[in-house]
């Protein structure tokens, strides 16, 4: 059904709904699925540590009856001996039935999928994509709110650098009647290309600099962290940061049916006493993440596409991607490749756009 | 049956006997239990590494048919991103059915149990408690000696700082007719509060400075390590340390029915040639530890209390625990709480006592 | 059937053929074996990291229905607390049914087998032995070439320091009619004792300094890496190294039926474009390694020798092994022991030879 999950944008809304519904079904009747991946192995290749995400994948596989191998520390792995991503993936895909990969370079999961004999799940490639987080978010919304359309969705915090925020906006813009209220400092607004997507999709959106103003109308509030170093000065930090912290006082302005999400880990952008409020669903969200991953793994292993397609890449021998974090910068055997639109090249790996 | 195992003192003698007997039963008929936790997940959250203990828990869970997730390196975990213990436990208890936690701060397991949706086993919280080690010790005694009462129990080494020693004394003082022979340097005697417990329980005890003198009367000898830095000087170390080393010569003074235990790892407090003596049961003891943990996990998962009780804590807004190693010092959202007895407050987390 | 696998030279050709055939059978019908080690535990004790080998063992055990415990980082383990190899092995062999051990000291696996209550597989002991790599190589040859005899086998690269090369030569010299073409720089020729073995076995061999010359006659080409620091100077490296790199041009000189193997990881001794050639079987080789380990574990656990033999070692109280990398240098309780032949002592642990 799904060959690889590199970018959630490549998954049709139909397939997305199949995953979401299956996640709910597994949650309601876990016994039905507890032997469904018996004898299968998931490899979690984490080139940078992310304990939480890795444990979520491991628990998901084990609750389907499968087992896991993997690493979480690149310095302990053969990588330290200078092995290419290609070779590692080629070999591990001979040991395992499915691979979840986290890598600091943008486009790494796409590159891996070109060589892997097993399906690849992108568990985060640098600041680029993290599709199972977005899957987690929408499974949470579907189950906690009851629908994915006609929602007033607030997003608060660092909207400039947060890949989970961008991905959630893109995905939710495919469902009808959603409206976005974007709450951040002027310096940390969503990038222009996200606004373009919103405009193209016909979704309404507004930008605010104060969380209090947004609270009363929201159906959903998606909180994220603003890192201290994003502020221009320590004074600016002290003056501004409280505006973007959700505490019980701000929460009291929200509707009774509001749902508060957070990709976690949080630091101090939601105060601890908010946790007791039934509208705070971020801990439930983490558990939905496990069910979302169970549904995904189940579908990728039990309803596979007939045959792993050969990906035909047209190599571009003239241009190289100019994003210093792109995987093509680290792995020189990778063919440079772009999607072409007018005078714009978009890197096939990291989605970096270059004017030619 | 048992909700959490934080402190062995909270487990009734009846329940303790149930665990001990089940451990023996599993050892004799492991096949009967090998699928009893099929589909269940144990999370081993080791905030400081302890390979042996972690592997013992993992092997225990696997021999019950279950599986494990976890970490052993706090620098690789989300902890490094500043996540609170509360958030980590909250989330992991959504992935796993039971948690074994090791943490450098005293009272950490108690704190974790306040937020966890899954039962917590304390696998060591700083210098405070390590209940599954004591469980291991008494399962060994019951199986190797045949009884837990009317024993002459020698304890040798650093009796001042050894949490396993204190816990074993407390537990064995509940059984009738046990007598304790405490062998250490004058500087490393058991603390006063342990002597008070012994007096209150009516157990006889004596203190000796020479292992040779103690040997002839003992039914059990529990050896522990004296760290070199505990001695006042290098000369003192050289002069004294040999007195507390068990070698074949000292062992020859012991009864034929003597059993020698050690929590391991040892360094040089038992010479290697003692290993061949059938009275040396410390390697068997490690294996009993696995069976003890199997029994514990089995009972916690298969005969759970009806509903995880809400722990009602009465917050003390006046006093703070003054133990610098207490978990309340690291995790500021934890409510300060004490047991009150006259002018003495005992911290609910780390058992630190303060006069008010 | 096999008690321990320390040195492949100790395995009879009959038993070797049993393992090889079983590996092929498991590959063809994995479902038949997928529950054959249900409930069993493999401990992977990796005193130095080797992610690939460890994952191969883990995947092998899981595909037999078993599970694994272990460590890959000595600094995280009890070793850091100064525990002896003996104690660690003694205890872990009480938790696990079989142990795969990797250790930087030569002879470590042999030493471990003297104390273990479970069978030991040597997963690499320093620069000494790595028998499951050689098993992997011959399982690959048997399945890809169709036979193990009457082959013209080229070995290219650093033939002086490569333990996998020496072990493969020794093993293949037991099969009839094999001929070896040894391709290296003059400084990196195979050691004299390997040539003696070849002569004693009656195998033909020749030495060449240029891979191109060897290519046309080979049935098998076994590539290995020459580390840059093996060359006498940077200039020498630049001048020479290309001669020992397999690229598509050199490969075009080879027969259509040639098979190219490599123990992996590779760095740049085989160019990436060679991967597409069907004669390149090194990625398949990695997968054969998993099947080889499955066969080995299956036979060691399901057809065990009646009783783990007590190894009787005659201690040599006069001589000590003078190899600074020998395990006896690190673990002082180990009895020195040698095989005696004329005025030559061969260390029982690390095979170091000393004249007396």
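A few remarks follow.
We call the chains A, B and C, going by the order they appear; numbering starts again at 1 in every chain.
Basically, a contact is a pair of C-beta atoms (placed from the backbone, for glycine too) under 8 Å apart; a residue touches a chain by one contact, two chains touch by 3 or more.
Model, not experiment: these values are computed from the prediction.
Because chain A and chain C share one sequence, their contact can be compared position by position; here under half of the interface residue numbers appear on both sides.
These two copies of the sequence, chain B and chain C, are related by a rotation of 120 degrees on CA atoms, to the nearest 5. In terms of their C-alpha centroids, the spacing between chain A and chain C amounts to 42 Å.
Touching two or more other chains at once are residues 67, 73 of chain B.
Across the complex, chain A is touched by residues 34, 49-52, 55-56, 58-59, 62-63, 65, 67, 72-73, 264-267, 272, 275, 283-284, 286-287, 290 of chain C.
Of all residues in chain A, those touching chain C in their complex are 39, 41, 43, 67, 69-71, 73, 76-78, 81-84, 86-87, 90-92, 94-96, 333.
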